[in-house]
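Take a look at these structures.
You will see two complexes here that share chain A, one where it goes with chain B and one where it goes with chain C.
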Partner chain A sequence: MTKFVIRRLLQCIPALFGVVCVVFIMTHAIGNPIAALLPPEASEEQYHQLEEALGFDKPLGQQFIGYWRNALRGDFGSSYWLNQPALGIVLQRLPATIELALAALLIAIVLGIPAGICAAVKRNSVVSTAVSVVSVLGMSMPDFWLGMILILWFGVSLRWLPISGRGGVEHLVLPACALGIRMMAILARLMRADMLDVLSQDYVRTAWAKGLRRSVVVSKHAVRNALIPTITMIGLQFGALIGGAVVVESVFGWPGAGRLLLQAIERRDYPLIQAAALVLAIAFLAINLLVDLVYGFVDPRIRYE
Partner chain B sequence: MRRLIVVSFLILLGICSFSVLGSAGTSDQEFVVAITVLGDHFDPHRPPGNAAYPLMAVFDGLTRLNTDGELCPSLAQSWEAVDETTWRFHLRNDVSFHNGEQFTAEVVKQNIARMLDPKEPRASYFFSSIVSYGVVDDYTIDVVTVRPDPLMPYKVSGLFVGPASMVGNPKSDQFNAHPVGTGPFEFVEWIKGERIVLRANKTYFRGAPAFSRVVFREIPDASSQIAELLVGGVDIIEQVRSEFIAKIEASGVAHIAVAPGAQNQVVGLRPDIAPFSDKRVRQAVNYALDIESIISAILGGYAHHQATPIHPSDFGFNPDVLPYPYDPAKARELLAEAGYKDGLKVDFAISSGVGGSSYAEVAQAIAFQLGEVGIQASIVSMDFATLRQRLYTDKSISPMYCWNWKTWFNDPDIVMFGLYYSDTYSNMIDDPTLDAMILDARFCMDAEKRSALYKELQALIREEAYYVPLYYLENIYAVSNRISWTPRVDERIYVYDAVPAGGVGK
Partner chain C sequence: MIVIRRLCRSRLLVVGVLLSVLPLAFAIAAPLIAPHPPNEQTLSDRFLPPLSSGARGYHLLGTDALGRDLLSRIIYGAQISMLVGVTVVIIGGLLGTGVGIVAGYWGGAIDALLMRIVDVFLAFPFLLIALVLMAMLGSGLSKVIIVLGLTSWVPYARVARAQVLGVKEREFVEASRAIGAGRGRIIARHIVPNVMSSVIVIASFRVAAAILSEATLSFLGVGVPPGTPSWGGILSEGRPYMLVSWGPTVFAGVMIMLTALSCNLIGDGVRDLLDPRWRK
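Take a look at the complex of A and B:
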């Protein structure tokens, strides 16, 4: 197990290296941020001074090596826009994004999985049809649009929940729903399909034949076996959740790292873009590692050698 | 199984009912401002940018501009030009900082020194003309400029003053951690990306503010801002789209406040490349556009057509310089003269970051009207950073592009310099006559002569037609009915101006 974790952590290194390389090349390929930093009244001379100070006059290869030399020392440069170390700014905003993503994940799991199970167990019933309809709707609604609708219903008309900002649990409900409902729909559909598959297996029939109660057959024999593909999907969808957070954070004024990344891109703030991309990539890899470890608990046949 | 569903439902229900207890709302003493992007710093000496509103609440400048943009005393009671290059400011002697420190000329001197520190330059280009400054007595300071600078008293409205203990401290982040000024509000907290909270400075030298607390909330999405306004979560929002006006007015909780804006919306025509290197083609574009109809059909009438980027309220405005009339026949004629009898094709670069939310529709109308006279303009949309980079640094922007420029201090200087002066890294116009006149006006201390120069300049830039001056937008604000507040011509929200509706004045 420890060996497995170490091996997986080592595998993360090339992935992270790749992320930083791609982000570096993509940001630098579109040009330099000097126009965003210098007032237009500045002279040609001031332009070249700033270009030199930021190192944009050097060849791209040299800039890249310089960047890595600093990055390996933990220095990701200072944000041009906020004038502070880029990594620090991102880490300051990360908890809000993680809070939002985990809440969305919770909603997706708590609602999606039972709905899928229910739809499979009560096949061809009203419940099953309802779950299918809601899942299709959930998957087809863009999250920003859903966010708007939630704001209008629960924020403006009913006035049950605050519309924007971060505060107590009540502030979390609407953004987490806007972000989590698509994933909930995906999990419900997947869970339903896998449950239907498992429920037709011989060992389930055997369990029924033994005269076990329905709750035992479903939860002990069927669900655990149907859960593996869903868990994989949770890991994969976490990336989509972080991507969605960029939009949802803007709609709900949520002070997270996703919105920070968007603002950094608008301002061509390269150090901040790179730091934010790296941190979000680490979060994604960490969740996927966690998902791999959860497999072992759900399915004892899986062993980490 | 059933138990699982019941438990999940209860969890959600619990969250919802908890939230009802803690739903948002503002108290009578609190004033909440929604802004799209909260300021990125609290340093009085860096260009304010998005941080302008909170900075203006915590700090004072030597002078200030009132709602109409007129120059008024602030930390300085009066000022005069001692000679062509020296401005003398007489300061108030009854002002202290939020931390109790005394405000004196020596403190102002230290503030200017920090702002112009060559090791860590912070100042906006407004102050680049300052060469020296000296204390005359405890409450008098001289500011000397390299050449005459008639706008210096206006510019020092943005010279925000911090206390000696913080200005003298080399740790530059002190201001960001806990800013201290002389302003109407004192700093309480700043949660990055979320909110800035200030409380009233009861001993403010112009009188205690009407609200005991001010909150600036970052709400990036325009629709969410309106939703917050309707439920009483915020008191004021800016840049309201004209199509929301009816809904807000009908809500019964908020009203609309409108003021002429300071942004000049133009279409740039690159004079350094074909086809717009020919003046006749540039003029043809001006004749081809029916801007009045665009304003009434797309912008709901909330804009003003202009002949040049100089506003009617600006110093030296020339009422005799009129916009090009809508004359498609004349446009065709000029195009034929210039050798484009069969029309021409051109790219038109636009960006969502320029010209407000309706600009895409305006651009389509422009392209359509140009098509009527034989100019086929293809709209190329890009993000703001790309547009600016292509325009300023790469010089690879298409021959036609959307752009805007802000008027400062009701004076043409900054806008003329920004849009027309050639000796910068960003401009593509190279017109020595214009350059000479712009510089002459910039350094002219004789108001009458200066005004005459600008009048002449306006006639000249209309004739040269380097830009199509479209309009300046009205700034549309939505304001909660519990607040009484008048919008400013400089597009800034100065929270000290707000008072409870029908309530206590200052």
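Take a look at the complex of A and C:
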């Protein structure tokens, strides 16, 4: 087990290296903050001064080495906007994003997986059709739009739930629903398809033939096997959840790292953009690692060798 | 006839095609059917509710914060969504399939390198890359298309590679090689046709993803520039006034959903037709 964790951690290194490089390419090679930071009437001299102060006058290779040296020390410079170390600000906001993403994930799992199982077990029934329709609708709905509709309905018309900010559970419900609906739809669809597949396998027929109870056949024989592709999907979709969090956080005024990234983009705050993009990407890598470890509990056939 | 009859047998495909008629008609015939110019402002007619008349005539869906006819903006918005959906899929599909075929057919170091690049792209939430890139490049329709195209190739590459790995060892490829066919000919005549059905299935789903991504970027203000009528832009412009006037929020959102839904259903239908394993 320890060996597997170490090997899996080592496998993360090339991806991590690539992620840091991609962030550099996006923020240094493609974009140049100097023009955006200065007012339009700034002189040539002021331009060069700022360029020198921020290190953008050096050759790209040198910038890259300096960037890596700082990145390894966790130093992304100070935010132009908040005048504090960029990484510190992002890490401060990260728990809120993780809280929102986990709540969305919980909603998706708790609703999506049972719905998929029901739809497969009661094939060709009203339940099955309803699950299919709801899931294809969920996949087609922009999450930020659903957020706006939830605000209009539950926040403004019915006044049941608060529409912005972070606080107790009641603040979490609407944004988590908006963020989780697509994942729920995807999980329900996948679970249904995998269950249908597993239910037609020989060992399930044997289980029926042995006279086992329906609940045992479904839960012990079918669900555990059908869960494996669904768990892979949860890991893969977590990236979309983090991406989606950027928009949903901004719709609900949720003080997370995603909204911070948007605010940094609006203000052309390059150190903050870099730090936020990198932290969110690393969070995603960590989640995928976690998903790989969870496999072993669900499927004992997977040996950590 | 046989083809059409076969296509009609897939209920999902038929429903998807029927649902796509409205956005397609909007996109193709926008100048003919839009009742008003999409950017014509009438400040005395701000926030008119649906089914009301203003100084410049009737507004079926009402007007927005600048007194522009909402229906006309939504009709023109279809052009952006459809254009982005189709072109992004073409760019991403060609790039990804090419990468996948090269990686799968050549194997070895090239395969390892390309797959590491795929890993890096997978390690990044896709919207995050698109968002940061758009922020760096500045808004614009062509930039949206290029950024979404260049960030959406990964699924095609993975699937094409997996298919090629299976196909290249088959007897007919072996036979072709034995009679002296070159690499280019084998790829064009044997590999590509066998990879295409999987690629088409992914492409049909990715149209919806591209449309949703464009709407998201435009909603966040880094997609299509504010003046251009796009559905994401209409949602974004309507958001501050959502409580005063719900029209832009509801109608633009419904159009995005309807279009994405039709693409997803067509995707399901195409998959059922091309990949019999999914026919359940």
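By definition in this document, the second predicted complex is superposed on the first by the 293 of 305 C-alpha atoms of A that agree within 3 Å, B and C clash if a C-alpha of one lies under 4 Å from a C-alpha of the other, contacts with A are read in each partner's own complex, and residues count from 1 in each chain.
Throughout what follows, a contact is a pair of C-beta atoms (placed from the backbone, for glycine too) under 8 Å apart; a residue touches a chain by one contact, two chains touch by 3 or more.
In this text, all values refer to a predicted model and were calculated from it rather than measured experimentally.
S.K.: After the chain A overlay, clash or fit between chain B and chain C?
M.R.: Clash: chain B and chain C overlap once superposed on chain A.
S.K.: Touching A:277 in the superposition: chain B (first), chain C (second), both, neither?
M.R.: The second partner, chain C, only.
S.K.: Determine, under the contact definition given at the top, whether A:77 touches first (chain B), second (chain C), both, or neither.
M.R.: Touch partners of A:77: none, neither chain B nor chain C.
S.K.: Just to be sure I read the superposition right, which of the two partners does A:244 touch: chain B = first, chain C = second, or both, or neither?
M.R.: In the superposed model, A:244 contacts chain C only, not chain B.
S.K.: Is A:121 touching the first partner chain B, the second partner chain C, both, or neither of them?
M.R.: A:121: touches chain B, not chain C.
S.K.: Taking the superposition on A as described, I'd like to know which of chain B and chain C A:137 touches: first, second, both or neither.
M.R.: Once the two structures are laid over each other on A, A:137 reaches chain C alone.
S.K.: One more residue to check, A:180. First (chain B), second (chain C), both or neither?
M.R.: Touch partners of A:180: none, neither chain B nor chain C.
S.K.: Chain A residues in contact: does chain B have more, or chain C?
M.R.: Of chain B and chain C, B contacts more residues of chain A.
S.K.: Could you tell me if A:151 is touching chain B, chain C, both of them or neither one (first, second, both, neither)?
M.R.: Once the two structures are laid over each other on A, A:151 reaches both partners.
S.K.: Following superposition on the C-alpha atoms of chain A, which segment of chain B from the set 117-125, 297-305 or 477-485 overlaps chain C?
M.R.: The superposed arrangement places chain B into chain C at 297-305.
S.K.: Just to be sure I follow: which residues of chain A are touched by chain B in one complex and then by chain C in the other one?
M.R.: 30-31, 148, 151-152, 156, 250-251, 265-266, 268
S.K.: Given the complex with chain B, which residues does chain A contribute to the contact?
M.R.: Within the complex, chain A contacts chain B at residues 30-36, 38-44, 46-47, 81-84, 89, 92-93, 96, 107, 110-111, 114, 117-118, 121, 148, 151-152, 155-156, 159-170, 172-173, 214-215, 218-219, 250-253, 255-256, 259-260, 263, 265-268.
S.K.: Which part of chain A faces chain C closely enough to touch in the complex?
M.R.: 14-16, 18-19, 21-23, 26-27, 30-31, 136-137, 139-142, 144-145, 148-149, 151-152, 156, 193, 196, 236, 239-240, 242-244, 246-247, 250-251, 261-262, 265-266, 268, 273, 277, 280-281, 284-285, 288
S.K.: Inside the complex, what are the residues of chain C that reach chain A?
M.R.: Per the touch definition, chain C meets chain A at residues 116-117, 119-120, 122-129, 131-133, 135-137, 208, 212, 215-216, 219-222, 232, 235, 239, 242-243, 246, 249-250, 253, 256-258, 260-261, 263-265, 268, 278, 280.
S.K.: Using the touch definition up top, name the residues of chain B that touch chain A in the complex.
M.R.: Residue list for chain B touching chain A: 1, 4-5, 8, 11-12, 15-16, 18-20, 22-24, 37, 40-41, 47, 124-125, 173, 191-195, 217-221, 223-224, 227-228, 230-231, 233, 353, 383-386, 388-389, 391-394, 417-418, 421, 423-427.
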